[in-house]
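First, the structure itself, so that you have it in front of you.
We call the chains A, B, C and D, going by the order they appear; numbering starts again at 1 in every chain.
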Amino acid sequence: MKEILENLIRNCRPYTRMGNVASYIPELAKAPGEVLAAACTDLEGKITQAGDVSFPFTMQSVSKLLSLGLALQTVGFDKVLSVVDFNPTADPFDSIMRLEMGQLHKPLNPMINAGAIAIVSILPFDSAEERAEAVLALARELCANEDLEIDRDVYLSEKNTGDRNRALAYFMKSTHCLSGDIENHLDAYFRQCSISVHTRDLSVMAATLAGNGRNPVTGHKILDKKVCQALRAVMITCGMYDGSGDFALKVGLPAKSGVSGAILAVIPDRLGLAVCGPSLDQRGNSVAGIEILRQLSIQHEMRII
Amino acid sequence: MKEILENLIRNCRPYTRMGNVASYIPELAKAPGEVLAAACTDLEGKITQAGDVSFPFTMQSVSKLLSLGLALQTVGFDKVLSVVDFNPTADPFDSIMRLEMGQLHKPLNPMINAGAIAIVSILPFDSAEERAEAVLALARELCANEDLEIDRDVYLSEKNTGDRNRALAYFMKSTHCLSGDIENHLDAYFRQCSISVHTRDLSVMAATLAGNGRNPVTGHKILDKKVCQALRAVMITCGMYDGSGDFALKVGLPAKSGVSGAILAVIPDRLGLAVCGPSLDQRGNSVAGIEILRQLSIQHEMRII
Amino acid sequence: MKEILENLIRNCRPYTRMGNVASYIPELAKAPGEVLAAACTDLEGKITQAGDVSFPFTMQSVSKLLSLGLALQTVGFDKVLSVVDFNPTADPFDSIMRLEMGQLHKPLNPMINAGAIAIVSILPFDSAEERAEAVLALARELCANEDLEIDRDVYLSEKNTGDRNRALAYFMKSTHCLSGDIENHLDAYFRQCSISVHTRDLSVMAATLAGNGRNPVTGHKILDKKVCQALRAVMITCGMYDGSGDFALKVGLPAKSGVSGAILAVIPDRLGLAVCGPSLDQRGNSVAGIEILRQLSIQHEMRII
Amino acid sequence: MKEILENLIRNCRPYTRMGNVASYIPELAKAPGEVLAAACTDLEGKITQAGDVSFPFTMQSVSKLLSLGLALQTVGFDKVLSVVDFNPTADPFDSIMRLEMGQLHKPLNPMINAGAIAIVSILPFDSAEERAEAVLALARELCANEDLEIDRDVYLSEKNTGDRNRALAYFMKSTHCLSGDIENHLDAYFRQCSISVHTRDLSVMAATLAGNGRNPVTGHKILDKKVCQALRAVMITCGMYDGSGDFALKVGLPAKSGVSGAILAVIPDRLGLAVCGPSLDQRGNSVAGIEILRQLSIQHEMRII
């Protein structure tokens, strides 16, 4: 496996020169576009990695899986489904117009920003800090890494420039889809996006989702099987923003991307995968990261669809 | 004229039972739906009024004429046209979706909320208080009434519940259509909406616009002719929200409505008209107010189109 | 007046080099962009003209006034208002999306293509030929020119390439906004768009609308005053496509444009104006034509707003 | 397996009383809402069925898999991807607005009507009849049933009332997404929708897709593995109209529904499933059909995600 990953990194390195590093959050714009790393963790807990594995990056939208998982596990499916739908959309992740067009104004799914903010708002804790702490605690468990922390510079950068998310949140408040203190919800959301990880961490988290909630490194059972199924279902239909269908065609795996260049992919009952390459396509997905997963799925028959 | 207005009030009183008082701002929801008042001021400064003339109400969207007039008069047409277009829209006044769809994300005109907030943001004063004071000062001059004040209860009610306007403003900030402190802009906007008037005040303001900027009561020249032409142009195409075309068909006059039930209408070089009836149609326009203006325009050949 | 028009043609000729001739109908794409002509007719029937006055052009969207006038005059306001609204829109003239978004799917006004097709469909004649003949007959009366004919090449070109209009019509049929034979309605619509005129013809038509339905050249009373008021109302709010508000700001007159470069403008109770310059701005309005009307309205105090 | 299916039919029969039979095509409106049938075929070719298995129904949108498969197999992936994207959408299957909003006006995926019509238009045959024949021939092979025919009454009913599809097609022609004779394309599309089948036929087709193109009944290799992967990818992200995400959550299988009440579902390398229950939810999917698949996937661990 080590050799496979190293070959893939070598083959896909040229793809890092396509696309662009995310520019809308100043701290993210500093990321080096040429970075590329990959890791996988099997269900015995064996971790393999290759490329720029010491490059730290923030989870960004990958963290939406954390808060959704935590919400499903704590407040339950019915409450979650009362604030978001689970259907994919062709709109970009930060789009606002369908909130106005929809009859119920409910976010279409928990992987677009509006839906993720709605999910954060129903976590059963009062303050932004407590909610962010609970999400961070879950991240540490899923990644088998007690050292995970929030990157304060990225968090502050997101908070200072998060006006689109503010617009989404205040719009939802105006249509009674969101209640409570908006800046508080947004603060928790910006914090979870800023959890700093390495590819190996995400590969362990992916393996935990592949193993129906049991972390193969620590052996701890963290999430219910039903919660993991829900996360994988939302990943395959909505996980790669408005490029989710294209990814299903090319790679055929449930996955979730973040604008830091991260992609976490799951082969149920078999393997967890993670890649990071900060150069993004127009939809916000890592160009080289998708290519690694595409080659892997073809060469090693890893598609599940 | 007194008799004409009194007859109209009598004839149109039944229309106050159609429609509904605005409910989205708690303070406005308290308005008595059965109120109906009308006033006109001619270019010699003669004021005639009928109906519930002692009923005070806030200007709401009618105040958009004040800030637009002030902006055109102080920072000029070019600056104003750099932040808003002047074209009508079929979208409701608080709609956000076209801000996302438009290529430039610029508000379509200064009579929808997004455009009005953009106008407030370019007024040449630093603080919200100063900007609101300047708008209030212009209101006093245009209405020939030094006693006009901001209704503090309505202002606080708007500020507490203005989440849709917050969404519009943060969205515009995220697309670089608005800069500076958003809560500051919104504060100035909520204040101007809350200026308390009577129909006679608005009829004097209307007469000043009819007289190309000269207040017929005080004799003061307040606005340039070109500014008054611009205000009348935007009134006839955009003044009655997404019902502007229907109003042009029925009444044929430049006019501006507010969700307090106010309508100000202008017959250029001839007369200023104002009505107030808090029961609104689905677009946010006074049902009985439109009916008064419709009957007046038919019976007394007041259409300009 | 002759001298005024000649000066305007001279001053505005450079504007014919801005913009582009309409390209979406092959026959229209052949029009010479440098052509510029203007004409006016007063209420005594005196016609003055200047520029390329012998240039023939098709009415295109200006013909929407003919079918609307004919419908209002024959089947009446109630029937007309049952198939279209009268409110302006920010959407381009051939846009389809609001037909889907609207609750009733009714075209927003009779000046966009969808609305104009709906109007043609309710004219009280069976065949496309009869409806087109009735519209042509009205054109001859309003223009005081018995020689007006349909330009067969333009008509066939429109018919062959009118797929957007076909889409609008079939969409309306699918939502029960339109009934009957769609190709028949479209045929009548393409024919009316292809009526060939000169600027002097349009200026007489404009003067007839200015004179509340009495043709100042022939002395015939053709349309009711109420119908002329409705046409002028729809012109000032919707006549210049999605640039109607901008035109009201710049020129302040009810007007209707066509993609052949024609603009017909009305000064009620005073004058009819017509210009033609085939170079169009992005909204489909004649660049030089708007400039002539703008200069005229400023220099000679012709604004009505 | 027989017993399992019979139990499911019994358990889910009450769900046939929820929802409504499709009404927009007159022939479909005649379907009996209480019908319910299920069938499965394993990769050895063993067919099991239960319920109203002799009820014939038309494929409707399930036929979109046929034309897409045929196009991928004959003209290839590049050509297919030049006329449609493969991304899911929150818009209903017959929606037109995104065709106007998109920068390229390309249909979002081949499972919405616009995309399916675009696919039909690139099949490498001249006439509508030939294209429909080729699709029918593929249906016969995939279903292992030489007797399949087009239901002429349904076909004519669709053709007579298919105005929404006509609007989609003419719109695409106007934006150069579709070329050639539109009525011809639509005719081929209406014919393929009208192929009449039983649940056992669809279960064999599903098993062929599960077996990567080899029909387990006839043993014939019909489609490439890569084509089957593409079909399954588009099924899991787009196959259940705008309810695809909800179905992935509940059932976790690639599937395709039709408004006749049919659903075809695939367990790769394992099983083909088909159900039919004409009572539909608001998105156009069989209520009882979804419930059968949901119970089956839970009780027998059939989810692949």
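Annotations for the structure displayed:
One rule holds in what follows: a contact is a pair of C-beta atoms (placed from the backbone, for glycine too) under 8 Å apart; a residue touches a chain by one contact, two chains touch by 3 or more.
The model shown is predicted, which means the values in this text are computed figures rather than measured ones.
When chain centres are defined as mean Cα coordinates, A lies farthest from chain C. Between the Cα centres of chain B and chain C there is a gap of 32 Å.
Chain geometry summary: the mean Cα position of chain B and that of chain D are 54 Å apart. Chain A and chain B have Cα centroids lying 47 Å from one another.
Under the contact definition stated at the top, the residues of chain D that touch 2 or more other chains are 101. The touch graph of the protein chains shown is a ring with every node of degree two. The part of chain B that touches chain C in the complex is made up of residues 85-91, 98, 108-109, 229-230, 232-234, 236-238, 242-246, 248-249, 252, 254, 268, 303-305. By the touch criterion stated above, chain D contacts chain C in their complex at residues 95-97, 100-101, 163-164, 166-171, 173-174, 182.
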